[in-house]
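So that you can tell them apart, the chains are marked A, B and C in the order they are listed, and the count of residues begins at 1 in each.
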Amino acid sequence: MNRFVHKTTLSALAASLLLTVGCSSSSETTADGKVKINFLHWRGEDSDVFKELIAKFEAENQTIDVEMSVMPSEQYQSTAQTKLADGQSGDVFTSFPGAQFETIAKANLFADLTNESFVTNYEPNLIKAGQKDGKQFALPLQLVYNQPVYNVELFNKYNLTPPTDWEGFLKVCETLKANGITPIAFPGADVGPGQFMNSMLMNNAPNEDVFTKLEAGDAKLTDAWWTKTLSQFKELNDKGYIQKDSLGTKQDAAVAYFAQGKAAMLATGSYAMASAKKQNAELKLGLLAPITVSAADKKWDGIHTTTFMLAVNSKSQHQTEAKKFIDFLSRKDNAEVYANKTSQHVTVKGVNYTSPELKDTISWTQKNTRFQPRFLIQSGDVQKAVTSSIQDVLSGTAPEEAAAKAQKLVEQKLKK
Amino acid sequence: MLTRLGRRGLLAIYALLILVPLAVMVFSSFKTSGEMYQNPLALPGALQTENYATLFDEQSMGRYFLNSATVTLFSVGCSLFFATLISFAILRLPGWKGLLVYGLFAVGMTVPAQVNMIPLYALVLDLGLTNSLLGLILVNIAVTLPVAVFIIAGFMKTLPRELIEAGAMDGASEWVMYRRIVLPLSLPSIAATAIFLFVMIWNDLLYPLLLTNNPDVKTLPLALLEFQGEYMTNYPVLFAGVLIASAPMILAYILLQRHFVSGMTAGAIKG
Amino acid sequence: MKPSKWIYLFLLPGLLLYGVFFVYPSLSALFYSFTDWDGLSPDFNLIGFENYTRMITDDTVFQTSLVNNLKFMAVVVVLQTGFSLLFALLLLKNTRTNRFFRSLFFFPTVLSSISVAFIGAFLYDPTLGLLNNLFDRVGLGFLSQNWIGDPKIAIYSVALMQVWAHTGQMLVLFLAGLNSIPREMFEAAAVEGASRWQTFRYVTWPLLAPATTIVIAYTTIQSFKAFDLIYAMTRGGPNYATEILSTFLYHSAFQNYEFGYASAGSVLFMLVIALVTFLQFRALRSRKVTY
């Protein structure tokens, strides 16, 4: 068969050709003496803005080239983490707070940034998530509020204001429902449970270390703090305040539903504001949080997370250049460009927000918000058991039973 | 069994099940995100050709395309070649030896890729083959051999013994028997395997992602990954990319189709 | 007929590449299954069979994912094999329309899983999706379901998307198989006056045995390895309803940081597939025909 003779000779020729291609691209110092560093992260939505910033950085630092590798979180958790271990990738990389941070720290893959000058560019109380044993290993750049986004105009139309207690929250939902608007768009199939659980839980379990206690065996999911949260989820669902069949709804559909004005609240987080506005630029948006207790018992106003933590790979061959890049991103002017163009709050001091939704929600930095409880869960299994119990309740299981099932899974994990 | 109308009806229903989503993808590639979610089935209002433009001027699409083409063609070519050699050997080796080799390759199909990933990365790194098309090709060949051998050897087993024995009796060497007797007769299964491997490798995300950082050696699926964010996926641009990326695979299918459909064994046993 | 010694040379290149880039990493992973390695740190401890015993006796998520995977596999194997065989028979003649249909049916196979997941959401979303809206529009509203949100049917909904994505692929194998059957067989049957069904049952089906075996085995293995689609569609939820072995492995390795545990899982995973495939081979072996 001529095809195969053809293929074999081609392959032989190609093999030699490829050997040349193969060897040339692996060194990190290019032919003209420049140093190449690899910036590894998961924010596809921010690629364009980063490309702009990288171009500016490269213009200011003629000897450094930045190569950006972006992969969405599913691939980031697996592939990016694998590549970090030997320092060839991710000279500058990003980490989530919580379990990922702890594991990478344990593997000694973070370079110590404690004494770097750029650390002082950040608000000191917003960079705690990247600290361990008194050292600063990573610097969170993004400041996110993991609480529902609401449609300000719809609220105004029915004379509603963000409620201050549970009864108030139920009343707001009832008014919306009576007027044919779905109160809450909840993506139960993906991020919904993991996001909404935080604001529902914050006042039911005001002590911030409840999950640490859970993982140590000192607290149980069958205790009041969680069963109450589950029954409140059930209440919202039974009263029809969450859209029908929410467990089958994914994030994209929930955002679309909200952006089209069919739902008044979107139970995810401040990061959704950018997506909603992309679909409907007319929207006026704000943030609120359900207060699950009476106004007198309320301790927390909302939930914040500091994430997208910039770090330098301790095995990197180019730590000086990597640090220069982080220094660049930490500068007020660059952080400002990043924040406004990607429509996110940042943790850098003195940044001036110009986009409307960022300006409208800046007041939240002054409120009493708690660090996202879900990120304080160290084990992926336990996190999954917790969010699954919410899905369980929404599909009709009684709160106590769902909590018991989840507790059993937690105990299986603890046995190890 | 099935009436003519029933048969036509069934084919039409399944065709619709594919055409409707395909139409949504094509239409969406010309819409804005908001427009797409409003009414996915509607024809686009104004043709947003900038979705396609974004792909071409910001990315080095041409480079990615070339890399994908190079990696795929060489990986598929070599994998098929080695697989046919191995399948022929399985056919020829007597008793347990043939079965052992077959089993060794077939069992490779059951191994999940996620767990092999970590040791594989360390190995490729040690061999200095990261960031190279060659490294990708070698890994792709190794990883697709199980499937290729499984299918090709599976079909080769059904070839009539007499043909090979006739060849051996005539004093033909192994290579000649392989090349002139077995290979032509195995063409349908080889073509079938070719299209399988083509799609597998062209669309593969895992190994290019794992083994390359350098944009010069990135492949097409990696370029499209950038449109998937943490919370927001830019579907219109993504679909534009997916449709462009699909074109070579459909083309390959159309070209290979006549080979797995032509009946090569008809008349071969006569005389 | 004994082959010459040269036959071993045929094995050499393939075995070499396979051995280095596939077998060796697999063996490393096997080694790690006896440790408590988290996948990142340089140190770990040898813990013998602890991972295995824990998974089999203590891990209800593993058990659930195994059961889900078997349900998924059963639906996929039956429907995918059935439809691809049916279509192969219907599209056998090499007419222009048939060639078009074959290419069209193959199209879903070339889509990456994120596109398939999008199409799944487009069809299955309870409020905005096509299926429920269509049912409501034609008065069949009672057929509307919470396709991927109802824990009882989610695994089947996902299985249907898997069938949609890969039937066209198996069609290729059946076409190759059908075309390997010599024309004389069909001619002889026609001469004997056999009906369509009789021709199928006594000529086509037996002679198709190798292709059928390959399709069933491949589909089975593919349905155990289906990670991307399920992860993109449901992430294994709601409440573990669509958690299958591959998503379970992914969670263990990369979200729980228990790589050693996940490696043990992949060994068990392989054993399960091997067992299922072996049982299938046994059931189908009696039909092997040589001519």
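The rule is short, and it goes like this: a contact is a pair of C-beta atoms (placed from the backbone, for glycine too) under 8 Å apart; a residue touches a chain by one contact, two chains touch by 3 or more.
On a predicted model such as this, the values are computed, not experimentally measured, just so you know.
*Asks:* Using the touch definition from the top, how many steps at minimum link subunit B to subunit C?
*Replies:* The distance in steps between these two chains is 1.
*Asks:* Ranked by contacting C-beta pairs, which pair of chains comes out on top?
*Replies:* Most contacting pair of chains: B-C.
*Asks:* If you average the CA atoms of subunit B and of subunit C, how many Å lie between those two points?
*Replies:* One centre to the other, that is 15 Å.
*Asks:* Distance-wise, how many Å sit between the C-alpha centres of subunit A and subunit C, to the nearest whole number?
*Replies:* One centre to the other, that is 33 Å.
*Asks:* Express in whole angstrom the distance between the two chain centres, defined as the mean CA positions of subunit A and subunit B.
*Replies:* Using C-alpha averages as centres, the distance is 35 Å.
*Asks:* Which positions in subunit B touch two or more other chains at once?
*Replies:* 37, 114, 118, 205, 228, 233, 235
*Asks:* Considering subunit C alone, which of its residues make contact with at least two other chains?
*Replies:* 39, 128, 250, 253-254
*Asks:* Quick one: which residues in subunit A touch 2 or more of the other chains?
*Replies:* In subunit A, residues 78, 82, 85, 252, 256 touch at least two other chains, as defined above.
*Asks:* Going by the contact rule at the top, pick out the subunit C residues touching subunit A in the complex.
*Replies:* Listed in rising order, the residues are 38-42, 54, 58-61, 121, 124-129, 146-151, 231, 234-235, 237-240, 250-251, 253-257.
*Asks:* Please output the residues of subunit A touching subunit B within their complex, sorted ascending.
*Replies:* It is residues 1, 4, 7-8, 10-11, 14-15, 18-19, 21-23, 25-26, 38, 42-48, 51, 67, 69-73, 75, 78-79, 82-83, 85-86, 88-89, 191, 251-252, 256, 259-260, 268, 271-272, 274-275, 278-280 of subunit A that touch subunit B.
*Asks:* Under the definition above, what is the set of subunit B residues touching subunit C in their complex?
*Replies:* It comes out as residues 1, 7, 10-11, 14-15, 17-22, 24-25, 37, 40-41, 82-83, 85-86, 88-89, 92-94, 101, 105, 107-116, 118-120, 123-124, 138-139, 141-143, 145-147, 149-151, 154-155, 157-158, 160-161, 164-165, 168, 173-175, 178, 188-189, 191-192, 195-196, 199, 202-203, 205, 221, 224, 228, 233, 235, 238-239, 242, 246, 249-250, 253-254, 257-258, 260-269.
*Asks:* Along subunit B, where are the residues that touch subunit A in the complex?
*Replies:* Subunit B residues touching subunit A: 33-34, 37-38, 58, 70, 74, 77-78, 80-81, 84, 114, 117-118, 121-122, 125, 128-135, 137, 179, 183-184, 187, 205-206, 209-210, 213-217, 225-235.
*Asks:* Could you list, by residue number, the parts of subunit A that touch subunit C in their complex?
*Replies:* Subunit A reaches subunit C through residues 74, 77-78, 81-82, 84-85, 99, 103-104, 106-109, 188-190, 243-250, 252-253, 256-257, 379-381, 383-384, 388-389, 391-392, 394-395, 408-409, 412, 415-416.
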